[in-house]
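Note that subunit A is present in both complexes that follow, paired respectively with subunit B and with subunit C.
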Partner chain A sequence: MEQLLLILLFFPLVSAIVTACSGSAAKPVALISSLVSLGIAAVLVLNFIPDASLQFGINYPWITALGISFKAGVDGLSIIPILLTNLLIPIIILTTFKSGHKNEPAFLALMLFMQTGLLLVFTAMDAFLFYIGWEAALIPIYFICAIWGGKDRIRVNMKFFVYTVGGSLFMLLGIIYLYLQNPAQNFDIQAFYNLDLDAAQQSWVFWAFFLAFAIKMPIFPFHTWQPDTYTEAPAAGTMLLSGIMLKMGIYGVIRWILPVVPLGLTEWGMTAFILSIIGIVYASIIAFKQQNAKRLIAYSSIAHVGLISAGIFSLNAQGLQGAMIQMLSHGINVVGLFFIMDIIANRMKTNDIAALGGIAKVAPKLAIVFLIIVLGTVALPGTNGFIGEFLLLMGVYQVNIWAAVFAGLTIIFGAVYMFRTYQGIMLGKTNDLTLTFRDIQGSEQVVLYIICALIIVIGVYPKPVLHLSEAAVQQLLEQVNQKLISVK
Partner chain B sequence: MNIIITITVTALVVLYAGLFKAKKALLPLTLLGLFTALGFVVTSWDTNHVYYNMMQMDNFGLAFSGLCISGSILVFLLTQNYFAEHSENIAEYFTLMLFSLAGMIIMVSYKNMSMLFIGIEIMSVALYILAGIRKTNFGSNEASLKYFLMGAFSTGFLLFGIALIYGATGSFDLDVINEYLISNYKTVSPLFYPGLILMMIGLSFKVGAVPFHFWVPDVYEGSPSLIMAFMSTVVKTAGFAAFLRLFSGTFAPLHDFWLPPLMVIVCLTLFIGNVTALFQKSFKRMLAYSSISHAGYLLFSLVTISSRSTNDVLFYASAYTFANIIAFAAMIMVKQRTGADTFEAFNGLGNKNPFLAFTVTVAMLSLAGIPLTAGFIGKYVMFLNVMDRYQIYLVAFAILNALVGFYYYFRVIAAMYFKEGSELQLVIPLQYKIVLVFSVVITVFLGVYPSFILNLI
Partner chain C sequence: MIINLVWLVPLIPFLGFIINGLGRNTLSKNTVAFIGSTAVFASFVLSVAIFMALGNDTHKSHEVFLFDWIRAGQLNIPLSFLVDPLSSIMLLIITGVGFLIHVYSAGYMHDDDGFGKFFSYLNLFIFFMLLLVLGSNYIVMFIGWEGVGLCSYLLIGFWYSNNNYASAAKKAFVMNRIGDLGFLIAVFLIFNTFGSLEFKEIFPKAAGLISSGDSTIILITLCLFIGACGKSAQLPLFTWLPDAMAGPTPVSALIHAATMVTAGVYMIARSNVLFELAPVIQHLIAIIGLATALLGALIALTQTDIKKVLAYSTVSQLGYMFLGLGVGAYDGAFFHVITHAFFKALLFLGAGSVIHAMHHAQDMRIMGGLRKKLPITYRTMLIGTIAIAGLPPFSGFFSKDEILAHVYEQNKIMWAIGVFTAFLTAFYMFRMLFLTFYGTYRGTTHHAEDHIHESPKSMTIPLIVLAVLSAIGGIIGIPHSLGGHHWLSEWLSPVITHHAAAPDHATEYMLMGITVVGVLISIGIAYNRYIGKAHVPADENAERSSLVGLSYNKFYIDELYDAIIRKPLDAMSGFFYRIMDTKIIDGIVNGLGWGTNEASKSLRLIQTGNVGFYIFMMVVGIISMLLYTYLSI
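After this line comes the complex of A and B, so read on.
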């Protein structure tokens, strides 16, 4: 049991190497190994005691000269992203079954390599290890997007890469700064929690971290790389980026900004909050005008993430709990949406809403699953999106009623454009192009049915998921408040 | 001392072997000699021998000697069929490179300023010739002449500096000078300051720091690629070791005086090296400018003299050496195949030869400073030290520069994987394979387990 986390972290890395060498059997090998990872994660979740403590902890000395250790563990804050990662990777691998990529083994191996990076980010209790994981997740996705992406991929990915690396270098600056302030001369997160920095220092560190996280999520005005990258990336890359990778930013804020620099938060948290709200409104308006459905979903994703980050920066139990569950829901929903866009693009060679229409008549199965996913995205009660957005809005409401009004209106606005998209693609007259549409089959069905089932199950009975993170969120808030009081 | 003797004797033996037309024996003989020297490095560890107050084989000197010898071994392995294209007299080239290496060993372990000068001269004179071995090539001749003139110039500065310091202290010995500085801290002779600055200029010339870098791109571009590989890795390492030995030890008491000019040099080196590299069309020239920018990162260690400085420089120099050797090996092969050393020459390498493309990718990631490669830890320790002295703005500036660096290193990766190229097949000779595999393994190993070098000295 002790080494369970270690196995969880490095099993994907081993399977990446195996996959890379497995030639034409790469797809089944990658799928099976990702399912094994999911199994390990399931064991982890089942053995997880939903209190605020750190479990499955591992701690090995690594670079002793620099005070770096390989320290990782699981608590209520990280269990949901871990679950999400291990859940989505097999799903995303399954989505590639129908579409051929050249040099398949490398493609899948990069994905599995990325999984290790992501899991390191979500479990690291050592700031340096966190940074390593952060970059280790970036390199594979850069290659996935730049090798298998669309026409304009080189320029777009360079922008994406330089943006994110720029952000993370400033985070590195912040980490080094904290390390130098730390009398224990290590990167242990507990030591960072106990640091005694004044407001000015905390503000600087806040920005160093926030820049990295804001670019990753992305929060307005750091989002300019996102729509292009999502549009140009291969479908699996888009799913990885939007489904899992942006959660790195959200998780980072919760794990590193809130408890380490609460004073920086009181100085600048409101700015971040307002930026998030602006992002929601701004992205929704732009999404409304999009003709390309994939791009539209990319913008709507910015809006959804804006709400999550606003919820976090509202610093109350509802906002944070909403963020936790919405991480999971948004990941599931957005992967579903992008997969449907990929199915349509593969068959119709376009994602242009105006060129499509009436697909529901020729593809009834797709019509139903698409509808369920759209309902989940617009947060209809009874779907997974509802509980998260409800909690988030409640959290935001407690900070500022107008912010909640704007955010809430945008949710309605979001429903309008999502339904319009659905209408434009699925309903109306079937045209010459869409007449030839084949309904979903085989692995496509499996993926979409799983996603729909998750949407409904989490929507109807979210309690187990909420229960996982509840105690940890409470403890986090207490920790932040205590630190604030002790300074005052 | 036995290290220098071994290398010199090897050089002479190789020269005679060349005389008797034993071409096949040259490389094995050289490698045998170098591995023996490497063995002496290991056995002399922790002995701290001082030879007639001229040279001090402390762990510092031994570690850098070891790095220089290892780098040279890799470069020698790359000579397979390389020199044969240019001339019949391969033995002379081998000998010259070995003599140059002997000069470097002196440079990294001097205890007396006259030895510093002698070491630099032994190293440089051999290099002047090596830069010009393509006798009929205009660029090679230009490189040789330019290198010679600039080198002579910088040696002039260095000598003048040494003379002034001798005038102030009455000694060439590093320890005596250091004691002089400590005991006369308030009343250092006015001769000393210009002497120190002149030495700084002379050494900056040698390591190619801005604004004394003008020779670097032309000399590197004009020289044969292999000689450039030698100059930009091994020679540079030795130059830095010499710099560090002088400034982190002997001149350390005057830190406050020489820090401001050094800061200017560091900032200029980083900025100009990086920004100029960004606009290069030729891969070779890009590497030349990138080597200037790496000189900037290495100079960081002088800004913050600390107990860790030497280990950090050793680490950075190792990371840089191994990554650069991969880049040069790839460039030599690509050039032999396509006849060009532009970025476009790398187009489609990912399809043509995935192994080579992978190694170049690791090299570029390391040069750019991505985690899990040695280059990252190297940059990280440099940043850490500068930050430790609360020079946050300098670190922020360096980070922006690192960001620029990503741009041009990733151009190579983009060319290899994302662009279509000609379908020319590329076969990697065995010796190149050994060098590539070894360097990649070291780069990743140091990236994952850097303690090996960080705790060395």
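After this line comes the complex of A and C, so read on.
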């Protein structure tokens, strides 16, 4: 058990190297190794004791001169993002089985490389290690978008780059600042928790971290890279970005902002809360009129993430628990939606809603799975989306009832744009183009059936998932409150 | 004890949904119909047994716990069921009427390609509807609440190749969702106030915790009422229901008349303890109910599509139920839910039989004289029409008069409007009956008269059963003034403790007299106009006087919503996307990007480079870091 986390972290890196060298066998090699990773993660989850403690901890001195150590571990806050990452990577690899990419081994190797980066982000207990993981996850996705993206990728990537590099720089400054304030002269998160900074200092650190995380999620008004990037990135890249990467931002807020700078939170948390809620309504309204279904889903993702963020900043058990389970649910649902868009784009050469229609008649299997994913997205009770959105809205409600009403508009607006999309693509008369549509088959079916099963299982019996993070969330809240009380 | 098996009641239709859903393309139509109908019948038998057991039991409220569903902090929501007089009687209606409609559908949908899909959806609907009424807390109720909304969406858009039908389905879902947001907010408020969402925790505490007219309880009941408005098609959220007629007719009978749309009434009756603490909201409910009743009736006066007449009539009758709830006559409103389930299901199924015979024509202007061709349909529909018009001793008379009597005690003007609406009801219903079944046949050669024949037994038998129920259903609530003892009111008394003031017997006889005479006169006017003068409504584009035009065009409410809600939102959408995102925010980012011009130059180099090289570089970087670690230890 000792080395389990180490294996989990570096197995994908080894797989990446093997995949890069495996030539035409890259796809099966990548898939199998990602499944092994999933297996390792499953062992980890099964051996995880759902209390508030840090488990599977590893701690090696690394760059001792600077007080940097390779310190990582798993607790109730990180277990769900870890599960999500290891669950989605094989699914995303499987989605590429039917579509060919040039230079396949490199493409897949980058994905696996990224997996290590993501897992580092979710397990690091050392700020420097966290930063390394953050960048290690960003660089591959940048290449994936820049090399395999759509026609407009150069311009779009420029914007993506400016945003993310900007965000990362601020975060680095924040980390260095904390390090300099730390009498122990290290990057240990525990030491950061115990720092005694005044409100002004905490406010600066808050913004340094928040900018990076807000861009990553993204939160209004730091979002304009996202629709462009999601639209231009190759399908697998979009799934990685929306399914897993944006959770880095959400996780970052929970792990690094809440406990480290609670005073910054009392100063600026409400601003972040309001921005999040504005984003929900703003992005939903934009989604109303989008003609490109992929871009529409990109905007819908901004709305959904806005609610998650608002739930976190409402700082209560329901909001945080809602955020934890919704990270998982949103990842599953959004990957499903983008995969369907990819399937449609591959067959029809367009994602323009106006050009499609009537596909349900010729593709009944797709009609069913697409509908189930739409229902998960609009948070119908009995699907995974409901559990998360219900808890999140309840969390938001406890801050302010009007905030809950405003944020709750997502319930209505979500139905408007998702059902409009579903109707535009699937219902109505079959036209000359859509008449040629082939129903989903093979690996496409496997992926979509798994996603649908997860949507329903989590929706009907969410207890095991909620239980994973319950104690840790409780402890986190106590920690924040205690720190606030001690200051007052 | 049989009551502990209540979880089987929803489970059996759910299994029917699974089997028919999976076998929709492989099973024969007869098998599908058999599985679907038998599942609901089995639930019905079980419901009867539960109902009997509850009747013999001194304890009138049983909770059946299944498992813990959602937990977070103080919040704990179990999936558990509540069997009490209110839910047990709903079980009977849902499974009983539901079964008849399943049987009917076997005939009605026989030539449809989506037969298997249709039956699986119907079973799924029954499942969710049962969940709605069985829930022991607001959240389980909400699962059913949204679940029936989904089934409604699927069934309205059953013939989705027609884009208008698909739009009608979407409209229904979205309008329901507006109400559902109200429901959700109410749930949060309730949890915040009572610390629980369980009925058994909330209702006994309510009166002690909150004083009447407290702002919290007003907000809670207002939000619950908004939820009910969406589901039960009350002003201003009613416009989805007439459009929902796009679905196959059995769906209109089951979902959009007998069961789902009465869920709002059920929910308010269930929460009657809370509403009694908020008189302001009660007045609001009464006013909205009355306005909806009147508006629905006014629109129904001039409609020419047989299903649209029935749809607006449903809106109007639901308005009566809310009027009853608003004056505190919860048992009266619930009584009307039951009788309405009988006669409105009957009328829709009868209309379906006519449409079936007319090869899917629904316009009454091309019907006429059908009573000889469709004798069973005609006779049963006649009974249904009398029942809804409110003539004794048919069921609708008792329930409607009970509501109106209570209204009279509270407010004479509202009573007058309510009675006037009852006269309108009698007029438009007999107008429908006369236009369809009397006079001479007005169809074109396309709908040749010779081809018109009575529907098969699977369709007529449910009609006959429902006609009997519509005729005699009133016996469950015969008032004391007529020598009865109002069984329903007694049965519900453990749940509905409040009894609204009723007028004395003499006043009650007078009120009954006024309605009966007025209804007879209305029927006379309709007879004179549509049989005596053989009047036929004008064509689509004919000139109409302004008042008739207003009714015929549904008071332009859809157009109004379009102008004040949809168009502004669309405009905002364009503004946010093209100006805010593209010009303002991106403009700022690009301005910042100017400073990083150097970065873009190096980027250009990257894009022409070799991927393998970068991966190599990354790996080298990582390995060198690890090596450094190793060496520094």
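Of note:
Convention: the second predicted complex is superposed on the first by the 488 of 488 C-alpha atoms of A that agree within 3 Å, B and C clash if a C-alpha of one lies under 4 Å from a C-alpha of the other, contacts with A are read in each partner's own complex, and residues count from 1 in each chain.
Note that in this section a contact is a pair of C-beta atoms (placed from the backbone, for glycine too) under 8 Å apart; a residue touches a chain by one contact, two chains touch by 3 or more.
Predicted model only: the values in this text are computed from it and were never measured.
Of the two partner chains, subunit C is the only one touched by A:L391; subunit B is not. Touch criterion met: A:L66 reaches subunit B, while subunit C stays clear of it.
In the superposed model, A:F113 makes contact with subunit C only, not with subunit B. Between subunit B and subunit C, C contacts the larger number of subunit A residues. Residue contacts after overlaying the shared chain place A:Y131 against subunit B, while subunit C stays out of touching range. Contacts of A:F143 after superposition: both subunit B and subunit C are touched. When the shared chain is aligned, subunit B and subunit C each come close enough to touch A:V162. Contacts of A:I343 after superposition on the shared chain: neither subunit B nor subunit C is touched. Touch criterion met: A:L173 reaches subunit B, while subunit C stays clear of it. Overlap of the subunit B and subunit C interfaces on subunit A comprises residues 62-65, 132, 136, 139, 143, 146-147, 154, 158, 161-162, 165-166. The part of subunit A that touches subunit B in the complex is made up of residues 62-66, 131-132, 135-136, 139, 143, 146-147, 153-154, 158, 161-162, 165-166, 169-170, 172-173, 176-177, 179-180.
Note for the complex: subunit A touches subunit C at residues 13, 16-17, 20, 60-65, 70, 103, 106, 109-110, 113, 132, 136, 139-140, 143, 146-147, 154, 157-159, 161-163, 165-166, 221, 223-225, 227, 282, 285-290, 316-318, 321-322, 357-358, 360-361, 375, 380-382, 387, 390-391, 393-394, 397-398, 401, 404-405, 408-409, 411-412, 415-416, 419-420, 423, 426-430, 461-463, 466-467, 470, 474.
Residues of subunit B touching subunit A in their complex: 308, 311, 350, 365, 370-372, 376-377, 380-381, 383-384, 387-388, 392, 395-396, 399, 402-403, 406-407, 410, 414, 417-419, 449-451, 454-455. Interface residues of subunit C facing subunit A in the complex, by the touch rule stated above, are 67-75, 139, 142-143, 146-147, 150, 153, 157, 160-163, 166-167, 170, 173-174, 177-178, 180-181, 184-185, 188-189, 191-192, 569-570, 572-574, 576-577, 580-582, 585-586, 589-590, 592-593, 596, 599-600, 603-604, 606-607, 611-612, 614-615, 618-619, 622, 625, 628-629, 632-633.
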